[in-house]
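A short worksheet on the structure shown next.
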């Protein structure tokens, strides 16, 4: 089921895109996409590596700021109802119960990439009504917040987990369950979600992992 | 005699310096210095080339702005009493009688290098009371002008020509003839200088070109 | 994302009358292609105006030249500037540091760049040069407006089939010009299956729109006199 | 201009109590040399706080950490932050874009840098972050104060005998950190007569003060528990 997390995220990436993928699950998803249906996908890594191109970090930020990154693939310890990512602390900033990774590139990718795909395992402690600390903005406090903040990118396209896929409702910007991985029930997802999760009228069942995806997952793991 | 121009300029460069040399006579002088008495001289070329280092122009300006260039070697069509360089137009900017090279790197080198050495043939049309257009600031309008303008570098150390060497008077910042190349008379220099040229009390006679300098000039030409 | 196409097609697709084009890295063949096509009223941005800028000016393609230095004695530049022939030429002249900062700001997606300007020169004021006060130290530094050319026309050593471009000599301002421009055309001398492992400076394919293969630069420039230039231009345009 | 010297000497000469040091490129051996010497009250600037930052914090060397990201679960970082052990730790946290802009401004000799900041996050305000209005478009962009560390401590692949340094992997922020710092120490894994012809990224010797030859990075890190860390630190300091 965890394999479907990267597979379902990879399926959202297109061959003509420039993709900035953070280390870990995001990079695994991007590499899987390129190894299967998106051979033309350009993968920009967090250190500025793009195949043979070794860019400095200033250049990587120039790519982001000039709108050259089509899709960012992000992860975080927490995601909330409005697609905001929490990855700095749990608890209060000045007196945290846990110290996490911090903003790094995530804030800029969330701001500037044309769209983002968020990948993380679907667990109750991660899917919260409101993140403890907004490390990277999804839709802020509602559907018009990105425009008000002057964030040029479109925000989260989808949050992909090991249980299914959530997508923002265009009217409210709230995340709605749109896809269920095979064998997963709505109740199961709701049990791992810290808010009253809405479900799309006709949730899609994620297609099974293909042989090619399986093979590519194994060889790139 | 023209060979003494580059030789005398080269002798002003020291082995422990970082030298930014513009193309032409300046670069020839810098290379000659390194081939003779200053083997450790670092020569930064106008395109950002430093031996094997190929820096971009933004980086070259960063080196200048952070004070990492010890000496700039410049040339121009005109130099005036106060060491200002004119290399943009002759005549009025909007109605010039001749169009010259323009500022390029010269303005920044003149502003930021710890000191500059100016090299050009000594001709009446070039040694003028006041340049037609200040392309690169020497001492501006007087000895305190560089400080008033906020220019961090020290300005011209010397103007080296095919007749001799001029150096600024510390009190007035005006160029004074301090060195005569062998066989050159003060009258000869005055005849090629467009202002009432002052002469140091005891002008030095430039040492003859050594065999090593001669050899290095030939092989680097 | 870069596509590889014939030079004439790339120029026809990217350069319209009135466009602002950046010319860097001495793209000899692309300048020739521009002369053949003959767009008018261009704004030409180039750190150093040399023979190529002079040819475009002589052909009447350039209305405005934005530059920081020029080869002395360019004959067509002089005629356009002093006699308005074949068309009047406006000039917008900077120090190299200022024009580099304009490119760098454009490349970073910022509306302006900053530098420690070389005060005290006679360079005329432009409405692209101003000052900003540092909000931390109170120092005033020179501010310049970002340049965002419609097209950057660049020359580099080689590209791979995906359009990743490798520069082998000093990079100059190529990287910044490519990022600052809305569209980028790079001419290269070879297209290889794979770029050498030590990459030198690379423009990734996603900052390049067109790559065109050209021969190495040759130096069949025009004669200096006006009549000779006219005949040369006619031949180029055949 | 760069001199090649033993690592311990370089650290002793360059790093004083209370210094602001930038640590980039994972200089494992230099961090070990710092632990041995044990300076106190350092301000540590590093884009990404990992194992090396954690060791220095655990040894009580660091008073203030300036960073944009951290490995999750660094044990000494957590103790210093939450329990003030072994010494209280102040943190100054940025987005990577903002800290990169702080380095870039320092490298350019400018008092501040600009970026299109990622608004809307909960990052606390610092007096190093402000805003400036573009004098041309009126847009407001984020301004950050330049960082000018006393010393940059960097790791790269190799150097030549003159002290020109070559970076073979992604350059990250090495070039900017070297230029922004007042003094620069680079550890390298080999010193060669001549750097390979395709130069990759090079720091010229005149932006480097000390080069020290070290072995390739080994990974004999400390155990996670505090007592184990203390024993490990004692061994390092023998």
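Residue numbering begins at 1 within each chain, and the chains themselves are lettered A, B, C and D in the order written.
Note that in this section a residue touches a chain if its C-beta (ideal position, glycine included) is under 8 Å from a C-beta of that chain, and two chains touch if they have at least 3 such contacts.
The chain lineup, named per UniProt: A, B = CoA-transferase subunit beta; C, D = CoA transferase subunit A.
No experiment lies behind these values; they were computed from the predicted model shown.
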* With contacts defined as at the top, give the pair, A-C or B-C, that has more of them. => B-C
* To do: Calculate how many whole Å lie between the centre of chain A (CoA-transferase subunit beta) and the centre of chain B (CoA-transferase subunit beta), each centre taken as the average of the chain's C-alpha atoms.
  => 58
* Asked: Centre to centre, by mean C-alpha position, how many angstrom separate chain A (CoA-transferase subunit beta) and chain C (CoA transferase subunit A)?
  -> 39
* **Computed distance of Cα centres, chain C (CoA transferase subunit A) from chain B (CoA-transferase subunit beta), in Å** => 29
* **Computed distance of Cα centres, chain D (CoA transferase subunit A) from chain C (CoA transferase subunit A), in Å** => 37
* Which chain A (CoA-transferase subunit beta) residues touch at least two other chains? -> 54-55, 58, 61, 64-65
* Going by the touch rule set out above, which residues of chain D (CoA transferase subunit A) reach two or more other chains? -> 108-110, 115-116, 175, 199-200
* Structure fact -> Listed by label, touching pairs are A-C, A-D, B-C, B-D, C-D
* Structure fact -> chain A (CoA-transferase subunit beta) partner, complex, touching residues on chain D (CoA transferase subunit A) are 47-48, 67-74, 77-78, 81-82, 93-97, 100-101, 104, 115-116, 118-124, 169-173, 175-176, 200-201
* Asked: Which bits of chain C (CoA transferase subunit A) are touching chain A (CoA-transferase subunit beta) when the two form their complex?
  -> 1, 107-110, 164, 175, 179, 195, 197, 199, 202, 204-207
* Which part of chain C (CoA transferase subunit A) faces chain D (CoA transferase subunit A) closely enough to touch in the complex? -> 108-112, 114-116, 127-128, 130-137, 139, 141, 143, 145, 196, 198-200
* Okay, in this complex, where on chain A (CoA-transferase subunit beta) does chain C (CoA transferase subunit A) touch? -> 16, 18, 40, 42, 50-55, 58-59, 61-68
* To do: Could you please specify the touching residues of chain B (CoA-transferase subunit beta) with respect to chain C (CoA transferase subunit A) in the complex?
  => 47-49, 54-58, 61, 64-65, 77, 88, 93, 95-96, 99-105, 107-108, 110-112, 133-137, 140, 145-146, 149-152
